[in-house]
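Each in structure tokens, the structures are laid out below.
Both complexes below contain chain A, partnered by chain B and then by chain C.
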Partner chain A sequence: MTSRATRLLRVIAAALIALALAPVTLVAAISVTAAWRNGWPPARLYRAAAWCLPMLAVWLAATAVSRHSLGPAVAAPHLAWVDLRRHRYLAGATLLAPPAVPAGLLAGGWAWSLRLASMAALAGGRSPAAAARFDQRQWRHQVRAAQARIAAPGTVPVLTATGDFVAGAVIRTVGHPARPLAQLPASRLRAHQLVIGGTGTGKSTLLLRLWAAFIQSGLQRQAAGIAGPPLVVILDCKGGADARRIAERAGGILRASGARNVAVWPDETVLSLWALPARQLVSTLVDLIEHGSGGAAYYTDVMEAVVALAIEAPAGPPASTADFLARLDIGWLMLAYSAGDYDEQLALVRSAARQVPDIALRFRTLFRRLGPGLDGPGSFADADAWYCILEGTSEIAVAEAQARALVDLLASYVAGAPAGSSDPRQVLLAVDEFSAVSRRLPIWQLYERARSLGLAVQVSAQSWHGLAVRQDDRYRLAATAEGGIWLMRTPHPDPVVALAGHRASTDSSRQLVGWLRWRRHGTSRLLQIPVANPDLIRGLDVGQCAYIYRGGVSFIQVKQLVAGPAALPRSTARSAGSAARPAPDDRAAGPDVDPASPDAQLLRGQPQAPLGDISALLDQAFGPAPRRAL
Partner chain B sequence: MTPFVLRLKLLTGWIGRARPFRLVVRLITAATASGLAVAGIGWQPASLAICTGALTWFALTAARDLGSGRRD
Partner chain C sequence: MLDVRALVFTADMYGLQLDQLAELFGGGTLRQARALVARWAKAGLAESASLSPGSPWVWITKAGLQACGVRYSAAPPALARLAHIRAVTAVRLALQAVPAYRDAGAYWRSERRLRARLGGRLGSRDHLPDAEVHWPDGTGVSWAGECWAIEAERTAKTLARTTAIMRELLARTGDYGCPAADARVPGLPPRHARVLYLCSPAAAGTVLRARETLGSLGARIDVRMLPPSAEMPPAQPLAGTGP
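Coming up: the complex of A and B.
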């Protein structure tokens, strides 16, 4: 018998079996069509078959109880056939449904998995381009299904009941579990993360969701006594009106997520650079000034020596910018070190006497450009969330200096937690539009230090090249992102995709012998292809992202957060003479103040209950008030 | 207010916040399937099984139209 005849016999046999099991075939065909239409994986059909078990159990149990035998269940196809011959279609269908539905779903799942496998191996389809078109069509179906899943309000909470973070609906996964919703353990939020995406790709939407989740998860951990209160510090390095609009939106969302107060720096509140420890202050101040290398290193050394003399003077470190600038004067320095045994310092002052006016000039210029944002009485302890706006688009040098100062302040704040403290604050530093300050903010150094401090760093940039100036630093950032990499649409995803690794795939070749006719001979070979398809990432739509973690990728349709009404009043405006601080929370009110007391309410800026009428007491003490003539 | 009334209010709140129309369509579909099965062969094991299947399907799929108590 020729192979052609064998094939024909097989086809006839398969058709006969399909006809004999027509109800099962019908259910299988419907389920495969539904899977194709919605981009489901075969596992979805298998799960549906498993959920038919209660129906099957009831059918068998009821049969056994009512007929004292399972014989009628076995005879159901015959009884249904009899009903169908008598044109009682409804009765026939009802008798057949309990066994046919689960069997059809199983058969459909198996057929769908075969179809997917043949298309993935490029061995299926009638036309040569069938596999590529099939994949593109499936992607569209999967996107549509994911968008439908997150359309209903309230169906995608930021955190699940078990505390997992939900980013949105899963479009497609490779190497990750294929769930309807993209759930990540909340611990990933407390690890370093990287977000890359161009303008208008939905990056801000994703970041807002991540920040809200960090606050909510942090509050849950605080309530459970596992950790201290959460703190989110956002550095928006782009600046401008857009940053203020996002700050407004972020404030609403973070408050709705449980942050008791959100401070916007420097528009509404200020921080104090002078709160840094003296030694750290010297290093930070020197780093704020751009300095060169080579011959210019000499001047840097002189500057550092002069700044150290001004900061570490016997009178103590300066308390404000004006105080510091006043110290950059040869007369002040000589006077400060004249009393006591400071011969070495005096010698230094004398040798640097010619450079001191130049150094003073540079710092005067720097602080004039920086503005008053770092000269106030505030501290990161004053709020649960800080949105810091740096004007990185209009004034790059200023933004770089501000970013450097803020990061040093935060590191100092985190490192300054009381030793042995049982509940240190959970801190997330999010640097948005990092490219604006990446030249002078070696954030990967902070990555290394942050691990021991319990500080999570989240860096976002518009592109791979915006992550750092040097390629080594970019790879260092990406390789240490233990919480995963979020990749939105970007024209150059290849370096990040390479970090995700490769997977084995089958590449089959067939011989075309005529129009849409293939010979049954061909070859297959194993190929290593990227886990994350870079072309898919280049074509991602707004609000879609690829989450790369541990050699797998999940393509996600991110659910947009909607800001609710503000839970607490915003920070008060700046008062005359001194910079306003954000509304202090219960902690800031001090341990002796009852949170429910009028004092605490006053500190929080909440309206107080009306005071009691004490006119009788006053009348008794001072006599009755004179009556006014009407 | 009794716990039962509170839970009822919570449930109606969820329904109101999510997709009540789709929920009603699901309910009608499940009821129709069960009704047709009973109409076809009366109260027999197969019709009981179909009622169970319809109920299971409704319970599993209605959750996505109910929303949840949390904000998203």
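Coming up: the complex of A and C.
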């Protein structure tokens, strides 16, 4: 028998089986069509089949109980056929559905997995380009299904009931669980993350969702008594009107997420650089001034010595910019160290006497350019969220200095949590458009010690090259992003894609013998392909991203968060911060209430307004109050 | 007008017995209440049946709920909760009978309304009060602007559970159905200025002890006895079955 005849016989046999099991075939065909149309993985059909098993069990049990035998269940196909011939279609379908639906779904899942496998191995399809076209078509179907999944308002919460973060709907996954919604453990929000995406790719939408999730998750942890209140500090290093528009949007969303007050720096509130510890203040002030190397290093050393003299003077550190600038004067320094045993410092002042006016001039210029935003009073403790706008587009040097000062202030604030405080604040530092300040903000240094401080750092940039000036620093940032890398559309995803790793794939070759006719012989070989397809990332649409984590990738359609209607103006960070402080009366929580319990903390913090006497009303309605003896 | 008010009242309370419906009229008779229920039943707005000893129960049908403009799921009151529903209704009727309540324009927000607002999102650890009473601002009473939580306690819970419920009610800052993050925000004024417990003699001891446990916070909790009409009437012997 020739091979052609054998094949023909096989086809006929398969057709006869399909005809004999027509209901199963019908369900399988419908399920495969649905999977193709929605881009489902076969596992979804298998799960659907598993969910049908209770129906099958109930049907078998009902048959066994009512007929005292399982015989009628075995005869169901015949009985159904009889019903169908008598035009009793509903009765026939009812008899057939319990066994046919799960069997059909199983068969459909199996057939769909074969189809996907043959296409992935480039061994399926009629035309040479069929596999590539199939993949493109499936991508379109998966995108359409994901968009439909998140279209309805309220369908995608920021956090699930179990506290997981939901970014949006999953389009496609490789090496990650294929769920309808992109769910990540909330712990990833508290780890370093990287977000890369060009302008207009939906990066801000993703960032807003991440920040809102951090606040919500942080409040849940605080309520559970696991951690202190959350704090989000956002450095928008682009500046301009666009930054203010996003600040307004972020404020609404963060307030809706539970942040009591959102401070916009420096437009609405200020911070105090002078709150830094003296040693740290010297280092920060010197770093704010751009200085060179080589011969210029001598000048830097002199400047550092003079600044240290001004800050560490016996009178204590300066309290404001004016105070500091007044100290950069040879007369003030001589006077400050004249009383007491300060011979060494006096000698230093005399030797640096010629440079002091130059140093004063440089700092005067610096503080004029920085503006009053760092001249206090104010602290990160005053608000739950800070949106700091740095004019990185128009004045790069100023933005760099501001970023450096703000990061130092935040690190000092986090490291300086009150000794013995059991619940330190959960802090997220988000640096948006990092490229604008990356030259002078060595954020990877912060990465190194952030974990021990309970500080998560989230860096976002428009491109791989915007992450840092040096390639080493870029890789350092990407490699330490333990919370994952979010990749929006970008023309150069390759370095990040390489970090995601590779996976084994089958590459098959077939011999074309005529118009859309293949020989049944060919070869297959295993090869390593990137886990994250860089071409898919280059072609991502607005609001789509690739989330790379632990050698897997999830392509996600991000759900946009919409802020509620404009709220009444909130009190400024300074006043709100003071209002939010707990009432001094600790007895409000009761004598035997655990003072560390969330309820006790809440009750202590609640304003205690005097209550009117309602006993007359209650007496009239319900009679006198019962006695304790009851 | 009275019909509509009684219809919404009945919908809010899950259902009520005819004697309580008669009391809603301010001293109306059972006959008047029966006539009203018959009118509702004829219009398909309500159904009536004897679910417990005492007068028949009346509850609002799906058409009736639609007529009231409320989004509750239509169902007869659950048999296991009949006594509790009667107790809460008795509390509402007793409070409404006080002139100060009417004069201040106070608003009773029932548990069914709170539950409907949650839309099935009630967490397993959350506790819903039996009702809230809202006192509008600008009225003459000294407690104007306050929101009270109402709890009707027929049977005694454990002391720990009662204390936990009291603390939860007093600590809450957000409305029911608000984002989870707003439910308990430190520094915001509490949602419930007071909690009013109406207790049966069996439950009063536990409630009073739980209040004492809270220390100075207990000043925001008022305890009173349930009105006598909260008790379910005793079962009547069936006619012709006596010795």
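Basically, the second predicted complex is superposed on the first by the 562 of 630 C-alpha atoms of A that agree within 3 Å, B and C clash if a C-alpha of one lies under 4 Å from a C-alpha of the other, contacts with A are read in each partner's own complex, and residues count from 1 in each chain.
By definition in this document, contacts are C-beta pairs under 8 Å (C-beta built on N, C-alpha and C of every residue); 3 or more make two chains touch, one makes a residue touch a chain.
Please read all numbers here as calculations on a predicted model, not as lab measurements.
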item: Touched partner set for A:Ala256, first chain B, second chain C, both or neither; value: both
item: Contacts of A:Leu95 with chain B and chain C, given as first, second, both or neither; value: first
item: Contacts of A:Val497 with chain B and chain C, given as first, second, both or neither; value: neither
item: Which superposed partner A:Gln220 touches (first chain B, second chain C, both, neither); value: second
item: Touching partner for A:Ala430 - first (chain B), second (chain C), both, neither; value: neither
item: Partner chain in contact with A:Leu271 - chain B first, chain C second, else both or neither; value: neither
item: Contact breadth on chain A, by residue count: chain C or chain B; value: C
item: Contacts of A:Ala152 with chain B and chain C, given as first, second, both or neither; value: first
item: Those residues of chain A which chain B touches in one complex and chain C touches in the other; value: 159, 256
item: Residues of chain A touching chain B in the complex; value: 51-52, 54-56, 58-60, 62-63, 66, 72-73, 76, 88, 90-91, 93-95, 97-98, 101, 149-150, 152-159, 166, 256, 559, 561-562, 564
item: Footprint of chain A on chain B - complex, ascending; value: 14, 17-19, 22, 36-37, 39-41, 44-50, 52-53, 56-57, 60, 64-72
item: Residue ranges of chain C in contact with chain A within the complex; value: 91, 94-95, 97-98, 100-101, 123, 141-143, 146, 167-168, 170-171, 173, 179-182, 184-190, 193-194, 196, 198-199, 201, 204-205, 208-209, 212-220, 222-227
item: Touch list for chain A against partner chain C, complex; value: 159, 161, 215-216, 219-220, 223, 229, 256-258, 260, 579-582, 585, 587-593, 598-599, 601-603, 605-607, 609, 611-615, 617-618, 620-626, 628, 630
